[in-house]
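Look at the two complexes coming up: subunit A is in both, with subunit B in one and subunit C in the other.
Now for the complex of A and B:
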């Protein structure tokens, strides 16, 4: 009897997760694989082929865009880590108990507004006739209006702003668990600030750093709105390429192939990152 | 045991709620452009036909076809793609069904538009679409800052460097081809020739990149760019230019000297639509003169009915008169049917332009 109830509750608890994974992740992906492996030979006639993947290899525009998206996402990840780490450390270790909650909440507030609205906020601030440019002119710092929008630096800044929270949250929760005594011991044994940071704090925070970096990298490489809205005439993003294939060119076959290539590419980057930093998923993400 | 009852209760509830979301015949699911279904008209329609409720999904040409393709033409009862997006889409994906023209009051439609749409959308003797509203794509310029702006090529004129904009879609490819003295629509029947034209256009637009401030993506960001004075001229839809004319009478629509490109938005029935009667009722309803006036006030486009011009609200009429002479009207170029394969060629050209690093 008791066993039955345990089993039932397990099934009930597990069912939503399983349904989610199967119906919304696995099945659509199987569908995508099938679509990505056909080639249109005539209207309404399709044949099995690897043509879509071959096309990707042969067209430098596509893989250049993918590499560009990948490298810019890495840059965003690094920036988010460098900016997010001190904030997380302050919230977890330095701030008092009461201000800790308040600070954490402050970090969360931007998430209450949708990505789209935040991107439009940036547009209003940064455009040539926008708030920043006008303010600079009023104060006499510049004589001409300046265009801050429509370039790669703006895209990177917008992306860092959007994703930094996903870096801070895991870092705070890992650093929170660190015993202050470890830092004290480091100093007592003659370490200076940088040694303590290097030898004690960062190794301890590694699970948080790794999971934060993975989440941030994946979110950035897969983001659509921010690069499109803030980017200029030369800034292509790979997700835009996928959208174009699916919607404007009615080419679901190569759109699906591109989707897979993006998934494959980001997975490789994450795997390489883990290898190069000598970490494994089980020793980091599973622990944080 | 109690758990079991609770569970089955939950299941029944779920099934029931699924049941109610399956539509009754009296729902008209409309797939159309933003502003093509003003609330005022929907209320009026529902008051006249109390058993029909109207549900609207706003979209654009590409997304309409993608949505219908995903379901094989189910989920909507009436759609409004442009006239050049029906023939190939039907051949490739079989997403529309033929119209029963006897159900539609075609006598009020302007002959030129009706015939043009029929000609473009007849497959195996069956007509798939009738016209609703038409408008043009062309240029707009601030008269005080760019008084001589006249053709597509002027977007790349160095004297407006950093002060022009365009949308990176097929319209600009076609416009630029005309500006270079080619006839792209004539070349649709000979795709090799069309590829040659496209290559020339691509080179031209890549060289033009440094002249462009940014590519606009929708009517709203184009309006912001133009009203703030950040750009002085741009490629545009006429309706967007008319809206801006209301706010700043210096901003006028400029039909390019090679002819403004004309689109006709149509009515089509999706293949698995379930409320054809309601759809026909809606078509006839919005073509009634007083409803045309309400529609045109909302969309800024001219209805393809006789006297459609006169049914525009006064401010829009003023904008049209400021933009078009009779000569311009005679010079309109209708978008030709897009043959299968052309979307891919044009898409590649656009990708090349976007990826080129210049400017």
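Now for the complex of A and C:
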């Protein structure tokens, strides 16, 4: 009797998860694989072929965009880590018990506003007639309006701003678990600030660092709104290519192939990152 | 100041906001001795230790290590190492790396590090654990590694912050002896912080009893036990029957007194205060100094005139092997603890037996309240 109830509750709890995985992830992806592996030979007649993937290889603009997206995403990840780590350390270790909650909440508040609105916020600030440009002219620092939008630096800044929270949260949760005595022991045994950081704090926080980096990298490489709005038409983000294939050219076959290539590429980068840092998925993402 | 002292504290005080955690503590620790600071939780002992290690700055006073003031020395520059309460071994390093950490911070050569770590592991009798991960060690092994990690740096003073607290009873007993042996072997000054009096008494050459930020008394364990200077020390160290009472008569250092429950006794005034008739007293009698005799009909044993004596009935028997004890319901209905020996024979005391309790006058330790 009891056993049946346990089994029933397991099935009931597991069912939504299974449905979600199968219906929303596995099935659509199988569909995409099938679409990406066919070629239109005549109206409504398709043949199995790797033509879409071959196209990608033969057209430098495609794989250049992918490489550019990947390297810029890596840069965003590194910047988010460098900026996010001190913030997370402050929240987890230095701030008092009460201010800790408040600071964490402050980090979460931007999430209440949609990505789109936040990007437009940046546009208001940075466009030629925007707040920053006007203020600089008023103070006499510059003589004519400056366009801050539509360059790589702005795109990177906007992306860091959008994703940094996903770096801070796992870092705070791992650093929170670190006994203060560990840092004190590091000093007591003769280490200076940089030794303690290098040999104790960072190795201890490694699972959080890796898991934050994975999430941030995936979000950045797959982001669409921020690069388009802040970088304009020339931002050359790979998701833009995918969008174009699907929507503008109505070339689903090629769009599906690009989608797969993005997934494959980011997975390879994450795998390399895990190998280089000596971590595994179960010791990082699954833990935080 | 002489070179004999590894550590000296001079009028050290620490305030946290309006709270005084440590107040005017002064002490000197001779080279190579085992010194314990014993006190209830919240008495300021951990704060005192953190000041010695350099994690807190004293509000007033000075700390000298090897005759040099260390107030302006950063924690990582002081040759004082610390074994933390939860040991704080680095989980991301193996045993070898944990011990080598301090040596690497000093910038010693790889060969030197290898040799020193191997040497210290042998001294703590764990020669083959270098390659193990921290989570693969048992509680006692972790303990020894934490000590080795400090001792490999050859510190002037080793601080130990209740490191046995997390161990189970059996292991704790074994580690007490082992710590004492390790201290002898390394011949380094150990300062041991604890709230467990048995740890302090068993291991230490000298013990400081700390209460509410102050040192109540500093002395050898036997001295603290047999000659406490304050009521707090008498009550905190060892087991006691504790009464409050009033002085009837003062004859030299002999006091005739009556307790609140109406027992008449004679006692011995401790501490340096002068007593007068009518003064209030706190008094302590240790259970092991009370002699218990079964009251047989018609027998009246001769008892020396100084002795305190009272009769009662055994209320219950607390059997604990060699440390067995009885609770006696006295004339004033209070319960009195007395140590007894149970042999398992037929003439052992049993609950309900009438008994006569007696103890010498000197063993009624009286303190003016």
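Assume the second predicted complex is superposed on the first by the 284 of 288 C-alpha atoms of A that agree within 3 Å, B and C clash if a C-alpha of one lies under 4 Å from a C-alpha of the other, contacts with A are read in each partner's own complex, and residues count from 1 in each chain.
Keep in mind that, in the parts below, a contact is a pair of C-beta atoms (placed from the backbone, for glycine too) under 8 Å apart; a residue touches a chain by one contact, two chains touch by 3 or more.
Computed from a predicted structure; not experimentally measured.
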Would subunit B and subunit C fit next to each other on subunit A once aligned, or clash? fit
One more residue to check, A:64. First (subunit B), second (subunit C), both or neither? first
Per the contact definition in the header, classify A:101: touching subunit B only (first), subunit C only (second), both, or neither. neither
Quick one: is A:28 in contact with subunit B, with subunit C, with both, or with neither? Answer first, second, both or neither. neither
Touching A:192 in the superposition: subunit B (first), subunit C (second), both, neither? second
Touching partner for A:203 - first (subunit B), second (subunit C), both, neither: second
Mind telling me which of the two, subunit B or subunit C, contacts the most residues of subunit A? B
Is A:244 in contact with subunit B, with subunit C, with both, or with neither (first, second, both, neither)? first
After superposition on chain A, the shortest CA separation from subunit B to subunit C (Å): 45
Using the touch rule from the top, collect the residues of subunit A that touch subunit C in their complex. 179, 181-182, 184-192, 195, 199-200, 203-204, 206
Mind listing the subunit A positions that touch subunit B in their complex? 8, 43-44, 61, 64-65, 123, 127-129, 147, 149-150, 228-229, 232-234, 236, 241, 244-252
What residues on subunit C touch subunit A, complex-wise? 53, 55, 74-77, 80-82, 84-86, 88, 90-93, 101-102, 105-106, 149-150, 153
Counting only contacts in the complex, subunit B reaches subunit A at residues 3, 62-63, 65-66, 69, 89, 91-94, 169, 209, 212-215, 217, 221, 224, 228-230, 340, 343-344, 347, 350-352, 354-359
